[in-house]
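Have a look at these structures, which come just after this line.
Each of the next two complexes has chain A plus one more chain, namely chain B in the first and chain C in the second.
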Partner chain A sequence: MKQVIAVLTVLAAIVGLWYAACVPMNIKGVLTEQERAGAQVQPPSAKDRRDLGEFGLIAGNSFAIPATWEQARPRLPAPHQVAVEMWKTTVQKKITSKRSLIYHAWVTLSATMLGFVIGTGLGILLAVGIVHSRVMDLSVMPWAIVSQTIPIIALAPMIIVVLYSVGIQGILPKAVISAYLSFFPVVVGMVKGLRSPDAMQLDLLRTYSANGSQRFWKLRLPASMPYLFTSLKIGIAASLVGAIVGELPTGAVAGLGARLLAGSYYGQTVQIWSALFAAALLAACLVGLLGVIERSVLKRMGMAQ
Partner chain B sequence: MMAVLGAIAVWLLGWWLNARLASGAYADTRAVRLAAPLIFGLTVIAIWELLVRGLDVPLVILPAPSVIWDRFWDSLPTLWADFVQTIIKGALSGYIIGCGCAFVMAIAVDRWDFLRLGLLPVGNFVAALPIVGTAPILVMWFGFDWHSKAAVVVVMVFFPMLVNTVAGLREASSMQRDLMETYAASYWQSFVKLRLPAAMPFIFNGLKISTTLALIGAIVAEFFGSPTLGMGFRISTSVGQLSLDMVWAEIVVAALAGTAFYGLVAIIEKAVTFWHPSQRG
Partner chain C sequence: MNTESRAAAVIEANHLDLTFQTNDGPVHALKDVNLAINKGDFVSFIGPSGCGKTTFLRCIAALETPTGGSLTVNGMTPDEARRNRAYGYVFQAAGLYPWRTISKNIKLPLEIMGFSASEQEERVNKVLELVDLEGFGGKFPWQLSGGMQQRASIARALAFDADILLMDEPFGALDEIVRDHLNEQLLALWARTEKTIGFVTHSIPEAVYLSTKIVVMSPRPGRITDVIDSPLPKDRPLDIRDTPEFIEVAHRVRDGLRAGHSYDD
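Moving on to the complex of A and B:
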């Protein structure tokens, strides 16, 4: 209960700060608009206003403060503007409409999911190979670890263009980037998990004269589940980032990344913010969903704390 | 055809060499642990070169390693300028500001329980979000130059660093805290002498995660607008001109910079947390 109050307080403080920040961020644009509309603005000339700081302008023109939360193209949109835009573009638009956020989120989500499935599948396979083959462990594992320190996302524009030039387009190039980003966290986490049974447990299976595949299915794989879910959560967040970034360099027309890019080209800040919140919600839902699956799976396996 | 057969031969040779090393008597020595990944890497590069030459893969799909190598040395001044713009100015300054702010914030969060209860769930939540999405907004606010890239990096590294530092500051056990209490140590004395050192492994974990995030943030932010300089700018324009050798050269720079940045933090960690079990032996 105390925690809920604390979280709500922090969230309220963030929203409050946000509203407060809108005033200095937007005051210059608002005053220009107000002057055009015929209001008395202090100081009257645009040049003086440019030299005067934001807070000086606010002190001189306190009547304009409410207008900073209502601009059409503000530098920083107020929370309620973003909320209204999100409401308009999700509930009040048909899902098939090009202006519906749900449509764009679905485009991004489908690429994310496809890439995530490919990336995790290959990652688990490679991890199994690494655990069972000493050669692969020695030669591939160091590269998997080093690759985590590399900004792989730099490859994204190239992957898209290369795949396009060999005739592959649509969802697959984005999915490849997503797969690539979720691949290495899963490999590293899964190797750790498959190695987590200690010598005692492995010895016990040896006394049962269990063979290699029995050891894998009955001990290593179940023991790796907590590690798998931890890396799946990292992997899906990385997949979503990959899909969004994958939409940037080609000028894609659909998807949350395309919404961000179009918004930044045309100065539609409210659109950028609502796309950003949609991406955040999507990420939270995906990670939360994995958390729910994790809890129920671990509970059925008797591994939940 | 010869080159393709050569590639298969190189693959078999590399595999045989590593298999011998892995099952040989020296499998657990340091030299083998270093040699095996090197042999694997060289094999992959050799196969790449032979296949690209043998199958006549066009440059716009995959340039051969030798072409990338030539391009790397030919355009060293350009690459250096991009490196300074993106890594030194954008990523590094943002990294220092972001991690510094998160550290100060973590001390405040640790001091007041209410803040910890409220801010930590929010921080954990935000750390999983696709924060690179703030790049277009920050580019709009801070202009095209490196300031906006640094701002993106600050936002990206802040929450992972905050969450890790707060976890670390709670690491000292109640026994150890009680001991400091019996010494009549003040808050700051027990902070500097007990809790900060105990937090160091966690702080460095956060710092290491942040190195990669910093580079990602700085490069992706340049896709949204930059001066005619910088690694993200060069990658996106070179892709547009289909000069993929330049793109690969930039990727080599990014990989080297990322590994070096991470390695540097890891070396500092080794020196600072020499007492921790994970650093001994």
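Moving on to the complex of A and C:
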């Protein structure tokens, strides 16, 4: 109960700050609208208003404060505006509608999942190779690290163009970008996990004359499971970012990235914010789901106490 | 091979040397070690750290390769002996896999060695009974105390019925009371199974209480300074440690340790 109160307090503080921030962010636009509608605003000249700071404007026109939370195209939409937009574009729209956020989220989610599966598979394979081969350790690991220092926003258009030129389009290019971001945490985590058995445990298997594959399946792989799940949680969030970024440079018409892009073209800030929240919500659900799987797997393995 | 003449020796070391090459130059872990261990012996290796007692045990287990001399286990090289499942090895830590139950942990060597499922089951039950852990097969390691975990690891080493049991400070991390109890149990187990046991320790009472033969070692270079055949009877209640014979043997071990240990560094 105490925790619930603490969490709600933090949430209320964030929402409060958000409402407060809306006032200076939107006051200029509101005053311009109000003046057009015939209201008396201080100072009356648009040029003077431009030179006056936001807080000066608020002080002179306190009557306009409520309107900063109700604009059609605010610089910063108020929380309830985003909530209403999300409600309208999820519950009140058919899932098949191009205006449904669920439809767009699904488009992004499918690319995310495909990319995540490719990235995880690739990451595990690379980690196995790195752990078992010194050559791969020396040659692959540096490239894996370098690959993550290139900004994905610069690389994404190239991946899409190159794949398009060989006739691949649709979900796959986005999934490739997703995989590109998600394989790395899996490689790092799995390398650490596969190497986690100590010398004594390896010696124990040597006393049984165990071979390499027995060592892998009976010791290294099960020992790496806790590390794998930690990596997967980071990986799936990175995957989602990859899918959204993959939607930006192509002018995609569907997906959360496309919603962000369309919103910024037409100044629909409410739409941008609701797409952002949808993405955050989606990421939270995915990470949460992995957490549930992690707990049940580790419990079944006897590793969660 | 001269094992014919001394057929009873299961482990035989002749002029055994082992030198590790390190960045600070060569380290003589073992120098001119000569020892014969007979079938059914309980041999303790005692000495300060760095005296090579663990290294010698690891040589027998083919976990280290000697750089000179000869070493035979059951008349074979240590490597061949290992492939013939000559020994079970117990480490200082129990090293049970946390993702396996006690039964499944004991099955680990059996799975690797390819025993059938029904035989695995049978052997697990047998060794659980040997170490007094009946009924704990379904538990995970974290549900057991440290002493019970170490007993489970002994059961794991016994599961495939090797004639030799090598134990590297198996009770070193346990408290005195648990240790006494396990020592008593180990002697009972040794009497029942008639295994040959190599036991590394740095506790004098433990070495004297358990062994038929005590090998005193000293460091830099690691070598044997004394081999004591214990005059104590095979049947040893815990209070044998208060008898004059026991104290005399312990005294000789302590003298051997003092003689071999240089304090001038």
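Descriptive notes on the structure:
Methods note: the second predicted complex is superposed on the first by the 293 of 305 C-alpha atoms of A that agree within 3 Å, B and C clash if a C-alpha of one lies under 4 Å from a C-alpha of the other, contacts with A are read in each partner's own complex, and residues count from 1 in each chain.
We take it that a residue touches a chain if its C-beta (ideal position, glycine included) is under 8 Å from a C-beta of that chain, and two chains touch if they have at least 3 such contacts.
In this text the structure is predicted, and so the values were computed from the model without any measurement.
Of the two partner chains placed by the overlay, only chain B lies in contact with A:Q3; chain C stays clear of it. Taking chain B and chain C in turn and counting the residues of chain A each one touches, the greater count comes from B. Touch criterion met: A:W273 reaches chain B, while chain C stays clear of it. When the shared chain is aligned, chain B comes close enough to touch A:P157, but chain C does not.
Judged by the touch definition given at the top, the superposed model places A:Y208 against chain C, while chain B stays out of reach.
Only residues 2-3, 6-11, 14, 75, 134-135, 137-143, 146, 148-151, 153-155, 157-158, 161-162, 165-166, 233, 237, 240-241, 244-245, 248-249, 256, 260-261, 263-264, 267, 269, 272-273, 275-276, 279-280, 283-284, 287 of chain A touch chain B when the two sit together in their complex.
Interface of chain A with chain C (complex): residues 200-201, 203-210, 214, 218-219, 222-223, 225, 301-303, 305.
On chain C, the positions that touch chain A within their shared complex are 61-63, 82-83, 85, 87-89, 91-93, 95, 97-101, 108-109, 111-113, 140, 142. Contact residues on chain B toward chain A in their complex (touch as defined above): 15, 18-19, 21-23, 27, 32-33, 36-37, 39-41, 60-62, 114-115, 117-119, 121-122, 125, 128-130, 132-137, 139-141, 211-212, 215-216, 219-220, 223-225, 231-232, 235-236, 239, 242, 244, 247-248, 250-251, 254-255, 258-259, 261-263.
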